[in-house]
Amino acid sequence: MSKAPGTFSPSFSMAELLVHALAIELEAVQSYEDLTQQMKQCGNDEVADLFEKMSVLEAEHAERIRQIAGDIELPELAPWEYRWPGLESPENIDLAGVHYLMTPYQALTLALENEMNAMAFFEAAANECTDDRVRSLAQEFADDERQHVAWMQDWLTKYTPPDADWDYDPDPPAAID
Amino acid sequence: MSTETPRKPRASDYKSDTKPVWCPGCGDFHVLLSLRKAVAQMGLRPEEIAVISGIGCSSRIPAYMNCYGFHGIHGRALPLATGVKVARPDLTVICAGGDGDGFSIGGNHLLHACRRNVDITYVVMDNEVYGMTKGQPSPTTAPDWDSKIAPGGTGISPFYPLVIALASGANFVARAFSGDPKGTAKILVDAITHPGFSFVQILSPCVTFRPDQREWKNQVHPAPVKPTSDASQAARRVMTDDGFNIGVLYKGSREPYQQYVGQENRLDRDIDKEFLL
Amino acid sequence: MSDQVGNRDSISIALIGKGGSGVLTAGEMLLTAAAGIGRYGMMIPVVGPQIRGGESAALLRLGKSPVNCLDDYYDVLLAIDWQHAERFLEDIPLDANSLVVTDPSAGAVPDFIAATGARVHELEMKALAESVTGGRPNMVALGYAAGIAGVPEAALLQATEKKIEGKGRDAVNASNECVRLGYGQAASGAANDAAATDDTSNRRWLLSGNHAAGLGALRGGIRFAAAYPITPATEILEWLAPRLHDAGGTLVQAEDELASINMAIGASYGGIPSLTATSGPGLSLMIEGLGLAVGAEIPVVVINVMRGGPSTGIPTKPEQSDFNAAVYGLHGDAPHIVVAANSVTDSVYTTQWAVHLAEAMQVPVIVLSDQFIGQASAVVDPIPAINFLAKRKLARNAGKNFERYALTADGISPMPLPGTPGCQYTADGLEHSTTANPSGLAKDHVAQLDKRARKIDGFDYGQHWADIEGDGELAVLTWGSTTSTVREAIGRLSVDLATKIKLISLRLLLPAQPQRMADTLRGVERVMVIEQNHSGQLYRFLRAWYDLPADVQTMFRPGPSVFRPAQISDALRNWCQQ
C-alpha cells in the first residue's frame, strides 16, 4: 500500500495542495467515467446516468482547480508519491461497493462517502498546513466538498434504500470464453 | 516557433476503445488501471508494449490497452510471451492471466519461465476461483471452499505461487492488491524495470463468485520488511507468509536470459560447405 | 574368394554388430568413400532397443545413379557378430544371390540366415583385428566390404583417415592396417563396375534428411526455433541450434511441445519467421497451438518427422501415418497447409517452400517427413539455393479503426509488427471482426472463415504441388518416402512392359488441388494409390477431394518396414496385366 495507516501528514506547499486537489478530481472523473461505461455495459442505465452526471461535476471542479492553479508549476508525482490518507485518493470509488445491479441509492451513497472523504482530507490539510495562503485555499476546497456533500445528501433523499433482494438476478452468470 | 515539450503520458493514453467484459466490482479493473499507470509512469510508448495472455477473465486484459496484444490459448501465455520477447527484445513484454490459467494448466510453464529468466513481467490476477467458467476451485482456492464441481471443497492443499516462483528461480517476486492501484502501479514499475523474469501475484477479488473476498481489503497489509536480494532469506520469509503480505519479497541478481534474436540477418552463403564431400 | 556380387546398377551392403562394434561408423565411412569415387548412395542406421550395447545395422546402397530407396535384397551382409540378429530379419532381406560374411569366432550363422539360401563366406574379422595393435573388427569388415563393392582402397583410406584423424596417429594407423587386411581378403573384389572416374568437378553432398530440412528452413528465412527433443526429429533442432545463432537468430529449448509451438507462434507474432520440429506424439500436443495460429493468422512451420504410430508407436522406424493428424487434427474449420518432402534432397526445397508459404499466407504449414528420409545419410548432387524466401505482407501505417483482419480479395491481410505505431491490435484465437475485436456474430464468423479459406485456396502453388513423371494410362499416386521406391519400380517395369505408368508424387497434401489433379489425370484410366500406413490415409482423402477414375487400386503397408521396389513392381505388373 502507498501509506501505512496513521502516518498521514498533509502539510503541503501550495503546489502540493493544488496537485493533490487536481488529482482528486481527475481521478474521480476517470473513476466515474469508467463506472458509467461499466453500468452501460450491464444495462444499468439509471446508475450509468448518475455516474455520468458525477463525472461531469468532477470535471467542472477539476477545471476550477486548474484555473486557480493558473501558472503555478505543479510537481509531477508518480502515482505512489501522493500523500493520501488511505490507499487511494479520497474520491476513488471502492470497487467492493460496486455491483452491476446497484441502485441509484447505493451509487449515491458511495459518491457521498467519497465527497465526505475529500472534505475530511481538505479539512485536515487546512489544519496542518503552515502557510496561510495554503490553509485558506485548503479551507476553500473543504468548503467546496462540503457543498458536494450537501448535494449528494439532497440527491439521496430522492431515492429509497434498496430492497433486501436488490442483487437477485434470475439469470445466471454467463461463461463467454 | 515554439517547441512543445511532449507531455508526460497519462494512464488514459493507454486505454483502448474496447469495453471490458468484466463484472462491475471486479478487481481486474483496478489491475488494468495500475498497469496503465505503471507504463505511463515509465513513459513507454504504447506500440512498444506487448501484453500477452491466456484464457480466463483476467486474460481478456490485452484488448483493454491500446498496446500490441495476444490473447492466446489456455495456459500457454508464458511460452507465447517468451517467444515474443526472445524474437523482439526491444519490446516490453507483459504476460497476464489468472490463477487458473497460470497455476493449473499453465503451471508447468510457470516453473520453466522462472528458470529461463527471460526479461518479461508476469502478472497473475489471483481471485482463487475459475471465474470465467462460473465458479470452480482453482489451485489457490482453500481446500474447504464449496462448489458444484467439488462439493464440500477439493480437500487439496492450495498452491503457493510466491513459494513456487521463488523456488523456480524468478528474479523478482512480489504480491500486490488490486484495491491499491497506486501501490500496485509502483510494484509493477519495479517489476517491469527489474531485469529477468518478474512475477507479481495480484490479489484481485472476484465480485461474482467470491463475494467473501470483499474482506480482503481489511486483511491485506504492507509486508513489514523491505525486499531482499537473498533468496534463502526470501524463502524463510515466504514460508511464514499469511497470504496477505503486500510488497516486493525478492529482487534477485540472476543474469537474465540473453539469447535473443539479433538485429542482423547473417546467413552465410557458405553454410552448405559442411555437406560437401 | 568372393564371387561377383551385385548385378544391377547398385549394390546393397548391410553391416551388423552389437553396439559398440562401430558398425554405423564403418557404414558412414564406406558411404563417404564411395562418394569419393563418384558413386551415389544412402545409408540407413538401424538400432536395437537398448540405449548402449544394443545391436545395430548400417544398411547401405551404393549406385551410379541417385539412390533414394533401398533395394529388394542385400547383396552382402557382413556380420561382426550375430547378437540379436533376428531383430534385423525384416530389415535385411537376403536371397540365394546374397553373400553372408561371418566371423567364425562369433558363432554359427543363425538358422534363419542360412534358410535364405545365401552363400556364406568366413572372414576372421576379430582375429585379423587382434593382429593389429588397437585394431578393431569393424575396420576389417569395412575393408572387405569396400573390396566387394569395388571401392578402391585409396578412396576408402581417405575416408577413414578423415573420420579418425581426431583420435591420433596411432588410431589412424591401426585403422588403416585393419582396412588393408580386410580389403586384401576381398581378393578380386572389383565386383561391380570398375571404379568410376573420380570426377571431383561436381563434388557431391553428404547429408541426412533432417539436416536437409534444417538447411531449407535457414534458406527460407527461419531465424527462430523452439525445440523439444523427440525421436526421430531431434537432429533437425540440434543442427539448427548453433547455425541459427550464427545466422543472427536463436533457438530456445522448450519444456514441452505445448511450449514449443506457442513460443514459435509468439516469435512469429513478433515478426520473426519461426519453426519447430517434432514427431507424431509431439504433433498431437501442438494441434491446439496450430489452431491458434490459424485463427489469429500467424505464420509458423512445424516439421513432423513421422514414425510408427499410433501413440508412442515405433519411434525408430518410419511410417506415413500422421497424414490424418496433420490434415484433420485441428478442431473447427481450420484451413492450413500440409506439404510432404519425398527425398533427402527434396527436404531442402519442401521445407524452404513451407517457410515461404507460411509467411505469404500467415498460416501454419506442416511439413511431413519421416524417419527414413530424416535419418538416412545420402550422397546427393549439390542442392543449389532457390529463391523462395519468407515474405510477409506487412502493415506499416494505419488510420483509426485499423483492420488487422481486413477482408481483402486474396484473403491475406497486411500484418503490423509490434513496434509499428498506430496499428496496435490484439491477436486472438477467439473469432473476431475485421478490427480484431472478438465477435460471435454470424456475419463476422462467416466472413473470417471465408477469408481464411480463400487465402489458401486461391494461392498459386505453381508446379510444386506434385512431382509428375512419365505418362500413361496408368498412374501411381503416392507421397513422401514411398515415392523413390515407386519410381524405381516403375523404372524396372519400363524395360519389359508395354504399359506406361505415370508417377504422381504429391508434395502439397493440403489444400487439395482438384483442378490440377484433373489436368494431370487426363488420359489416365487406372490409378493405384500406394502409401506406408495401415488405413490408407491419403487414399481416403483423395476419395473425399478428388475425382478419380473408376478403376482404383490401393497398396497400403504400415511401417516399420519400408516398401521394396519388387513388391511394388510385382503389384504394378499384375495390375497392368489385369
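Each chain gets a letter, A, B and C, in the order it is written, and its residues are counted from 1.
Keep in mind that, in the parts below, a contact is a pair of C-beta atoms (placed from the backbone, for glycine too) under 8 Å apart; a residue touches a chain by one contact, two chains touch by 3 or more.
Small disclaimer: the values here were computed from a predicted structure and weren't measured.
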item	value
Centre-most chain, if every chain is reduced to its averaged C-alpha atoms	B
Farthest chain (mean CA position) relative to chain C	A
Centroid spacing, where centroids are CA-atom means, of chain A and chain B in whole angstrom	29
Rounded Å distance between chain B and chain C, as computed from the means of their C-alpha atoms	42
Gap in Å, rounded to a whole number, between the CA centres of chain C and chain A	68
Junction residues of chain A - those touching two or more other chains	177
Interface hub residues of chain C, defined as touching at least two other chains	430
Sites on chain B touched by chain C in the complex	16, 18, 45-48, 50-52, 62-63, 66-73, 75-76, 78-88, 90-91, 108-109, 111-112, 116, 259-269, 271-272, 275-277
Complex contacts: residues of chain B adjacent to chain A	8, 11-12, 19-27, 29-30, 33, 37, 41, 55-56, 59-60, 132-134, 177-183, 185-186, 189, 205, 207-209, 214, 217, 220-222, 246
Chain C to chain B touching residues, read off their complex	32, 35-36, 203-207, 211, 215, 218-219, 223-224, 226, 243, 245-250, 252, 254-256, 258-260, 262-272, 274, 288-289, 291-292, 296, 379, 382-383, 385, 418-430, 437-438
Contact set on chain A toward chain B in their complex	1-2, 4, 30, 34-35, 37-39, 41-42, 76, 78-80, 82, 84, 87-88, 92, 94-100, 102, 172-173, 175-177
